[in-house]
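The following pair of complexes shares a single chain, chain A, combined with chain B in the former and chain C in the latter.
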Partner chain A sequence: MKSSVATPPYTLNHPRWYRKRVSTYWWLLRWEYLRFVLREISSVFVAWFVVLTIVQIYAVSRGPDAYAEFQDFLKNPFVLALNVISFFFVVFHSITWFNLSARAMAIRIGGKRVPGFLISGPNFAAWLVISALIAWLLLRE
Partner chain B sequence: MDAQPTKLRIEPLLWLLFSAGGGVAAFFIPIHLFILGIAAPLGLTKATDYASATAFLAFPIVRFYLFVLCSLPLFHAAHRIRYTLYDGLQIKHLNEVIAACCYGGAVLGTVIAGYLLWSFQ
Partner chain C sequence: MADTIKLEISRYSPETDAAPHFQSFEVPFRRDWVVLDALNYIKDKQDGSLTYRWSCRMGICGSCGMLVNGEPKLTCATFLADYAPASIRVEPLRNFPIVRDLVIAMNDFMRKFQKMKPWLIRKEEKPVSEGEYLQTPEQLDAYKQFSMCINCMLCYAACPVYGLDPLFAGPAAIALAQRYNLDSRDQGAKDRFPVLSQHDAIWGCTFVGECTRVCPKHVDPAGAIQQYKLTAALDWVKSVVMPWGGK
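Showing the complex of A and B:
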């Protein structure tokens, strides 16, 4: 006898699903949706920071003149404005990321789920400490 | 929507890179961007001069740090941009092309950063 697993009792064909076409601008309809999309868009500014860092490393490797040129480039008003916008986006990324970590990590102690702020809290604290440390390393005389 | 946006078997690895890169970006990028892109050009803090920049880069640990700081966030961004185009703008017929461009860009950036940092004198 053949296995019954191979022949399911229901038909494999099903009628076409009715799916309403979602507007391309669905993410503008609600603040929650827009916030989600802004969070996703923050990654473009993360990529911009990486490009900036690679160009900086390249400039240093090319010598003092190239490095001075790079620093002038950073003083360009458009670049400065872009960096200010980027800064807000990467901070938004950090905040949403740490808040998300509390949702993603379901830690249970004694059968009860640890509340979110006990997970995101240390992340925010670590962020502060790391930022202070980097600032100290870069700015000390 | 189709059940599977992609048939890539490396999806778990890509997600891991996304997650690691998101963490690196969240912890390290804001302060770097603030000092490099805002505070120093405005004169609020001193800009890292050429001598200290080369002194920093002389440390292998600094070069390794910069490599991680460049590479992982690029994979994070690639993953997010890919899915934003997929869900947000619903560009589904170009799924493979977008994925290739996003991850390809991340690989390219990683190779460039790795080459520059590796060959730094």
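Showing the complex of A and C:
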């Protein structure tokens, strides 16, 4: 016979529990929360850069006239401002990403965990070197 | 220095109150007192109805977590002297339903723990007569940090993602799953994968990092989550590159 003991009355979510609503302005409570929300928003700007790059490549493929037109578009003050803002967001996004890499990779050598800066450090260094290289390629002459 | 200190304590009686409100208490100020000592003093001498959880007084049972001036803290490890002479605000942990005064309902938290299958899973149990599953100190080190969790729920109170999305598995539960995944005696990583690799588990985390900051045991739940993201991503890459390579 199956157990005849009835399950005790148990209310999973008691009606008298008080639930606080999350305030609409919760993200202003702490700098860490604001940073989190900004980082979420940064994805929009990252996406914008991706679209811009695709359009740029397309313009290059269509010849010098199309490219000049694209450059005019870039000179528009509104686009310029948007790109400056996007640039900062993308940098912010990248810094987070490299800092995260140190936390995501738990590498052990000889039983000891490799300290974070040895993992994120080379990432940052590579970022700088590659950026410098690209800047040099673009800016020479 | 003043010989008393003021505590503003959040009170909520489910029988009579529609919402929590603050009540002030004046307690003796002593250098060696933590917030929990002050609460015990109030309960003994001033208002026996004040309700809160505690047990060990030494940062190991994980039951005395509350918000102290808005910050998730173990009240048995939070000294009055760090706040005096200003008054101190004590509230129940954020992001959980309040049962009474400073007591929150932890049902959701417990359910999330259970979902992670937090026990050693073996493909085949070996008979007791063959002895224990042995482990080297290095193998222990691989997961030890994640095993230090005392289930205090401070990380859930600090996590805005959990506050916004109650379905999110949350920091401690994911760290717990990793504690077993990384245990050399465990063979259950595949069983936990479908639970972990979900939008409401690891992918819900956006690396706010507050859980790690408030954790009194240095568990680094944020690290656990990022590490599992890497594992899950590599797993996905493997399944694309070598679809035949049986999981």
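Everything below uses one rule, namely that the second predicted complex is superposed on the first by the 115 of 141 C-alpha atoms of A that agree within 3 Å, B and C clash if a C-alpha of one lies under 4 Å from a C-alpha of the other, contacts with A are read in each partner's own complex, and residues count from 1 in each chain.
The criterion applied here is as follows: contacts are C-beta pairs under 8 Å (C-beta built on N, C-alpha and C of every residue); 3 or more make two chains touch, one makes a residue touch a chain.
Just so we're clear, the structure is a prediction, and the values are computed from it rather than from any experiment.
Of the two partner chains placed by the overlay, only chain B lies in contact with A:I54; chain C stays clear of it.
In the superposition on chain A, A:I41 makes contact with chain B only, while chain C stays out of contact range.
In the superposition on chain A, contact is made by A:R108 with chain C only, not with chain B. For chain A, the partner touching the most residues, choosing from chain B and chain C, is B.
By the document's definition of touching, of the two partners only chain B reaches A:Y67; chain C does not. Of the two partner chains, chain C is the only one that A:K20 touches; chain B does not reach it. Shared interface residues of chain A (contacting chain B in one complex, chain C in the other): 19, 22, 27, 40. Those residues of chain B whose C-beta lies close enough to touch chain A in the complex are 1, 22-23, 25-38, 40-42, 45-48, 50, 53-54, 57, 66, 69-70, 73-74, 76-81, 83-84, 88-90, 105, 109, 112-113, 116-117, 119-121.
Of all the residues in chain A, the ones that touch chain B in their complex are 19, 22, 24, 27, 37, 40-44, 46-47, 49-54, 56-58, 60-61, 64, 67-68, 71, 74-75, 79-80, 83-84, 86-87, 90-91, 93-94, 97-98, 126-127, 130-131, 134-135, 138-139. Against chain A, the residues of chain C that register as touching in their complex are 12, 14-15, 17, 19-20, 70, 94, 97-99, 105, 107, 137-138, 141-142, 160, 163-164, 206-210, 213, 220, 222-223, 226-227, 229-230. The part of chain A that touches chain C in the complex is made up of residues 12-14, 16-20, 22, 26-27, 29-30, 32-33, 35-36, 39-40, 96, 100, 103-106, 108, 111.
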